[in-house]
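Next up: the structures, one after another.
Okay, so chain A shows up in both of these, paired with chain B first and chain C after.
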Partner chain A sequence: MKKIALIALASLTLLGGLLLGAKMVQIKGSDTMVNLVQILAEEYMGKNPGAPIAVLGGGSGTGITGLINQTCDIANTSREWKPKEIDQAWEKGVTPRNFVVAVDGLSIVVNEKNPVEQLTMAQVGAMYRGEIKNWKAVSEFQKPVSLYGRQSNSGTYVFMQEFVLGNKNYSTDMKEMNGNAQIIEGIIQDEGAVGYVGVGYLYDETHHVRKGLKVVKISKEPGGTGYVPTDKAAVDSGSYPIARPLYMSTNGKPKGVAAEFLQWIVGPEGQAVVEREGFFAVGEGKYKAANDKNFK
Partner chain B sequence: MTKRRRDVQEAAIRAFFFTCGILAVLVLLGIFLTLVATSFPAFRQIKLSEFFLSTQWDPTSPEKAEYGLLSMIASTLMVTAGALILAVPIGIGVAAYLSDVAHWRVREVLKPVIEILAGIPSVVVGFLGIVLFGPAIAKVFHVGNGLNALNGSILLAVMALPTIISISEDSLNAVPRAYSEASLALGASRWQTLVRVKLPAGLSGIIAAVMLGMGRAIGETMTVLMATGNARSFPHGFLTAVRTMTANVAIELGEVPYDTTHYYALFAIGLVLFVMTFAVNLVADVVLHKYQEREQ
Partner chain C sequence: MRKVLRKALDLALGLLMLPMVSLMSLMAQTPATPPAQTFSTTVYLDYRYFLSNAGPMTLEPADPTTAYLNNQFVFRRAYFTYESKISDNLKFRFRFDADNTANVTGISLTGDPVTGTSLKKDDKLRPFIKHLYLEYSDFLIPKMVLNAGMIETLTFKPAEERWGYRSVAKTLVDGYKDITGIEINATSADIGATLKYSFAKFFRMGVGYYNGSAYTHAENNQYKEVELQAQLTPLPGISFVGYMDYERQLPVAALPALTEPKGCTYKVDAAFEMVKNLVLVGEWFTYKNDLYQTAGERYDVGGWSAFGRYTFTPNKLALFARYDRYMPNSLVRERDMSLAIVGFDWAPYHASMKLQPNIWFVNYKNGVLYNASATTNSDIIFNLTFFLSF
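Now for the complex of A and B:
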């Protein structure tokens, strides 16, 4: 009897310790970032056992709602917070701090059978507003444009709408897919397709651009030089027109495991993982300065 | 055991079963009242005429938030109608085969198999829509992709079939033997007996089966969300992407800020769906009762 009681006591203490001591860091949000942050978390946990981190997708909007309602510790967002969301956060006593953890070249992708090589920002916007309905308006390709996009809870959806569509409505004919991966699958099958995805989703396991896809060069002005989002120099210099920072947001100054994890991500080891996964490092410029301020 | 004690026991058991019975009614009533209460505030901002007659739904639009449900009502009805066109002939055919043609050994195997079909999770059916039916539809109809209303209809037909088959078969079996014996004795062939005697005699049960299958199809969410492409436009045909009411609620509820017009509007969609499925189930129930009464 005594022995059993001892074992029971020991296992209870162990269980209690697990429940109390190792609080799980919950991360939720951007679908564009979910794979990247998952891999970052795995590498980090491999080096720091006893720092459990759970990463979920759902879209930037879902992550932001999660941080406001305090159902997660960190929100991944591929867009900036809207003023309305910041107001809601303040009302609930949540003070968001945003850390730039990577830079994404938002990629405009077509089927490989499509001969189009380069588009202007204005042309992409017109397609997604539903004003250009056939590829012949921008190339020698005779095929209806088949639009692929994300759903309204996606940060990428909102970013595109602001920066490429000029804050106008999306065409209601756009197919609204659950995530970047579904957009890629759709484009590979559909010859008339155009879609937008985070640059990290262009690659297969061997870090080559996936078969069946073509990444379109984007120029700011008609007749201007076009750049692809896979070109690090073009994204860093701002020549690629639709690059954007990817954020991780915390409630107030990050503490404990969350703080150490964020420090590791923006440090050399984390940034090496970011580059390996196809996104771009934060670099030494304004993003780093803003991050340093937010850690204090 | 004294009589008194037994009486108390009896009363307690009675009360227990009464509570169980009344619970279902209370839950239904609770859901209905919650839906009404939460959808009501939506109509402080949205005109009823806009909600039911406008085809534009874009609550997160940067231009002007729009709350027109008509496109989604049309999409839901279209996908459901398509499913019934596919499922009703097949369902009745299978039911007739099972009740009148099949060898009893075949029936013993077939019936449980069909009932297992009803237990397949909807997310699995949706997955089949993406990887199997989608590419097949794209190939057969020479369209860019198979994420459209037809795909949704096929999948919903698959999901409605077990209900339709099972209840239709029961109703054919319930037709008194004397009917078919009389028919055969008059020199009618088995085909004539089946089509002109048994099917009309079991018609009310078959209609009820179809209505129940329809109720299932209208309310299904995951499958259509995955397989229909979710474009917000008014449906142009079975080969274009559509968004049903259920899919829209699933897409938007995850990110919508609480207590906003958009939030209430999603509950209003839920109310419309509730009323539709309730009406369909009610009709099915009335028809089914009529036929049971006549049998007695």
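Now for the complex of A and C:
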């Protein structure tokens, strides 16, 4: 009996000690968003020292799984939730609220030695499905197309598949990279390369497009006007066809530090950081209305 | 009519396999870059200390003054899993499993060094194939999943996923034989196919069709096992899962009147997960097998379980507790047993390395008489479980 009492006492002491630790807001998910949200968190914590926030990547799928399993407080996602994930969340008592914190023009990039200036949505889709295998099919450039993309737990992977590939499978020749930075490194070193990255990853420290990269104009139809994702007016108006909202999802109405942090992000200070980092602000339209509703 | 139905069921498995076979032949013609592959390992072992003088029921010595084993290290499980993502919809899994449960129950307490006889039966952890299957997501229609090969059955999933501490103890139905010594028709893996479909977030269904001999035996009769499962989730965090399985049994000479014996399991799970970090579950089941008879009367095997866990800090610290009631013979209630488990789950360094100290309280009738005069034993066992997953 004495042994049981000793074990119970030791267990309770350990439990008590661990429970006294400070509560940190855990954020997990999209690799496209990880740098942006880390910078947002650092600026917010600088102004609010008593609000610890930890930000991790891993991909949108990882963030959503974390929110469903309640191992994080906020999931960063660069795509909408899949029906299967909504079902799983419902089963686990998780009711996601999705806040749009920025808008991303998903950029189609090639090596700077590639003469191609403009592609249609259909041509990009055909390349990633493996139907166009050489650049000569769309230009004078005689090089095999070398595809760079993300792994399947990435929201960007899923977004491209739905909106550009028409929900068809990617070519098995695509190199599945761990993150946006790895895609850019690959393209700089490969003349036949094409890749897709978040607009925030196009720029170097001097806020110019990285050396060795070229951003391709995208048109909706053959012969149509092409736009680049760095053109804010084109993204806002919907003329640039591969733009997407970036979300931060919570389980139900956010509370405490998580709620204050989200309010700050969608407010003027947070949105200024979003624009400074190369993404686009949410604006006053439908996304703002949805965010306001989510806070209530 | 029954023969026609049986043939139709046998054909169903073959038909389910056909799309997989045709897909595999297509893949063989397509030159492809290597698919995404992952390797993972999960291991758990215990340091076990018997706190009660009676000792554990499975190891109680005839003479407690000799060969009394009151503590031991137990290397309980090691999994090695290889997964290959062939395409967005198609996945392959191969899993080796290794355990030494047979060795633990096979230890002779009267063996060396007390009497000089050999303790060596087979002390090694033996790997065996647990999973060898293809999983096809969005099969035919979105949200339909087909698994074919040596696959996970539907039987334990609802409870096991929510209990979450397979490293500490199997769930009620899974661990029934280990606790009571009574065989029921339940296995975690078998050769066959399952088809699962989510109609909406409120309702999903699954059907399974297997050889019925589990992953431990080759099929030894012509009969197949059929499983049906339906899950209703009327509100976020509240689920009810109904389950049944059926398999014809081989007649036995001792019961000549039974020409077409059968075995069926009925099971219900109810889960409450509406409060953040809290999971509460109740499970009830009964197994009806025509061959299970006492003095010419059929008895049922059954039980229920209630368990919960509360996570203080995700991936760091959680508390869990469980109570099981085992009713191995509905005609001899003296055989009823209970098991209570309480413990906590602590990851001091990383979520892949955990310490799970837990205590088991086992209550059962002593001896083999199983009548009202049998004395009650209560064993108390402390386990320090080490969980590693990489």
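As a convention for this text, the second predicted complex is superposed on the first by the 274 of 296 C-alpha atoms of A that agree within 3 Å, B and C clash if a C-alpha of one lies under 4 Å from a C-alpha of the other, contacts with A are read in each partner's own complex, and residues count from 1 in each chain.
Simple rule for what comes next: a residue touches a chain if its C-beta (ideal position, glycine included) is under 8 Å from a C-beta of that chain, and two chains touch if they have at least 3 such contacts.
Keep in mind it's a predicted model, so treat the numbers as computed, not measured.
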_For A:T95, using the defined touch cut-off, is the partner it touches chain B, chain C, both, or neither? Pick first, second, both or neither._
second
*Answer with first, second, both or neither: which of chain B and chain C does A:G192 touch in the superposed model?*
first
*Scan A:T206 for contacts with chain B and chain C and give back first, second, both or neither.*
neither
*Is A:K84 touching the first partner chain B, the second partner chain C, both, or neither of them?*
both
*asked:* Is A:T65 touching anything from chain B or chain C once the two structures are fitted on A? First, second, both or neither.
replied: first
*Between chain B (first) and chain C (second), which does A:T172 come into contact with in this model arrangement: first, second, both, or neither?*
both
*For A:Q142, is the partner it touches chain B (first), chain C (second), both, or none of the two (neither)?*
neither
*Residues of chain A contacting chain B in one complex and chain C in the other*: 84, 151-152, 161, 169-170, 172-176
*chain A residues within the chain B interface of the complex*: 58-59, 61-62, 64-65, 84-85, 88, 144, 146, 151-153, 158, 161-162, 167-178, 182, 185-186, 189-193
*Would you pull the chain A residues touching chain C in the complex into a rising list?*
3-4, 7, 11, 14-15, 18-19, 21, 26, 69-72, 83-84, 86-87, 89-95, 151-152, 161, 169-170, 172-176, 251
*Give every residue of chain C touching chain A within the complex, in rising order.*
30, 32-33, 35-36, 51, 85, 87-89, 142-143, 198, 200-202, 204, 231, 233, 236-239, 273-277, 311-317, 319, 344, 346, 357, 359, 380, 382
*Okay, in this complex, where on chain B does chain A touch?*
56, 58-63, 71, 130, 134-135, 138, 144-147, 225-226, 229-234, 240-241, 243, 251-252, 254-255, 257
